[in-house]
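This is the structure I want to talk about, given as structure tokens.
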Amino acid sequence: MMRDELQARVDGCPLHRLLGLTVEDCDGSGMVTISLTARPDFSRHDERIELHGGIIATLIDVTGAYAVVTKLGQNVPTINLSVDYLRFARGEKLVATARLVKCGRSIAVVDIEVGDETGTLVAIGRGTFSSAVQAATPA
Amino acid sequence: MMRDELQARVDGCPLHRLLGLTVEDCDGSGMVTISLTARPDFSRHDERIELHGGIIATLIDVTGAYAVVTKLGQNVPTINLSVDYLRFARGEKLVATARLVKCGRSIAVVDIEVGDETGTLVAIGRGTFSSAVQAATPA
Amino acid sequence: MMRDELQARVDGCPLHRLLGLTVEDCDGSGMVTISLTARPDFSRHDERIELHGGIIATLIDVTGAYAVVTKLGQNVPTINLSVDYLRFARGEKLVATARLVKCGRSIAVVDIEVGDETGTLVAIGRGTFSSAVQAATPA
Amino acid sequence: MMRDELQARVDGCPLHRLLGLTVEDCDGSGMVTISLTARPDFSRHDERIELHGGIIATLIDVTGAYAVVTKLGQNVPTINLSVDYLRFARGEKLVATARLVKCGRSIAVVDIEVGDETGTLVAIGRGTFSSAVQAATPA
């Protein structure tokens, strides 16, 4: 799957359009980079922009899922997601890169790193996704 | 902390206002219930409303954090968050209930359940939060 | 599955015999209680017995898996396991109770609590297991 | 901390001696490799040696903790541990390598990979440890 094709698929989801996600890169075999531009209403407080942990978790979930999607060509439900928050996200942009660790008959495992625009690591995530053929509903 | 006071604190965060969170209940000692009303732009796709996993993760993070906040009276950074998705969230409303499992000198652990408006369990989450006094920055 | 039948199955595994696990209770529909007696060589140090975190994680994994086994009647590979350690385990006995949260077509989710013999909570765990029919190999 | 010094520290724990852990490598700044030799009583069943998930989780916990220990020079309690099991561990040896992702004032985060003796990835783990000075008791 090429970058433009993946961007179209990402934009097919209402929440992704609300967040404004940009596919920066993808290699068609499990590596995907997606970025998000900070906005005041994504922040943890009114004083300044520090991206809310929920925004970071969402970006991790989305980027991880598309790592599997680019490999399998079908949407994949998330089974389990975990996020470790390392630093506050104060920059203007978040960049998440996902790497497919395993893509088995029924389970895919993905590692996701989130950095700010200087490349400083802000959070790391790990997701388990259903990779079963036509897993249209939760497993 | 009373329900009205907690609602005011929840509303002090821009992302919470964007999502439209309602404090349904809190007992001041670690139990908090917060609800979210489904909207088309929170959905996974355009055909119908199925709440995106990122919205569910965000609700879990927020509800878990406020379980600690009502106990300690100060904001708490999330250290770690994990979510298990059980069923698609097709209802008009999500209701998350958090229960404080431990509130130690530096770490608090919270269990969070998310159900739809019929009470069917949609996801379960578990969070670790920094409970150190004045943990204004990530641990 | 009755208690004696489950005990025989537990004892069919070499590591379980090494650890000395006792099935205390099971209801055949996803609730299982298994205990372990502390031994000096299961400890974190030589000064006194504090059960090692790996022993606690193992007990959580085993008890969670058998919660699914008693429901399905077949062995289930662990997909994902997470443990939150709450207190040091200084007692003579650990008691783990598992509760089946979901048992779907391919994924089962289980919550596990571990207490000492006074009932004080020592750790909590959550596991995802493969519930697919004949999942003899990892998913 | 040098390899011999770390081996002596590892051997100071009764469970580590029971398991027979060998420090293969450490760089003193958060990278540690520890191996374990398979034994029949560490297996999941009697037919052949497939290392039990609890043994794998224990090796992940230990290797992750020592990644922090080599950095800080003091023992560190595990706060949270998660393990994703990728394949059955059928080889004669397991090799775990830990990499320190963050070492903050109170929290350290470590990634751990476990492979068999052919280098095939068997499981991945992630741990949160207490890095506070003199965190002699759980946080």
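Each chain gets a letter, A, B, C and D, in the order it is written, and its residues are counted from 1.
One rule holds in what follows: contacts are C-beta pairs under 8 Å (C-beta built on N, C-alpha and C of every residue); 3 or more make two chains touch, one makes a residue touch a chain.
If you're wondering where the values come from, they're calculated on a predicted model, not measured in any experiment.
Engineer: In terms of C-beta pairs in contact, which of A-D and A-B ranks higher?
Structural biologist: Most C-beta pairs in contact, of the two: A-B.
Engineer: Taking each chain's centre as the mean of its CA atoms, which one is farthest from the centre of subunit C?
Structural biologist: The most distant chain relative to subunit C turns out to be A.
Engineer: How big is the gap, in whole Å, between where the Cα atoms of subunit A centre and where those of subunit D centre?
Structural biologist: So the centre of subunit A lies 28 Å away from the centre of subunit D.
Engineer: Can you work out the whole-Å distance between the CA centroids of subunit A and subunit B?
Structural biologist: The mean C-alpha positions of subunit A and subunit B differ by 20 Å.
Engineer: Residues of subunit A that touch two or more other chains: which are they?
Structural biologist: 79-80, 82, 84, 86, 104, 128, 138
Engineer: Quick check on the complex: what are the subunit C residues that touch subunit D?
Structural biologist: 12-15, 17-18, 40-46, 52-55, 57-59, 61-62, 77-88, 137-138
Engineer: Can you check the complex and tell me which residues of subunit B touch subunit D?
Structural biologist: So the residues of subunit B touching subunit D come out as 79-80, 82, 104-107, 128, 130, 132, 135, 138-139.
Engineer: Show which residues of subunit D lie in contact with subunit A when the two form their complex.
Structural biologist: Spelled out, the residues of subunit D in touch with subunit A are 82, 84, 86, 101-102, 104, 109, 111, 121, 124, 126, 128.
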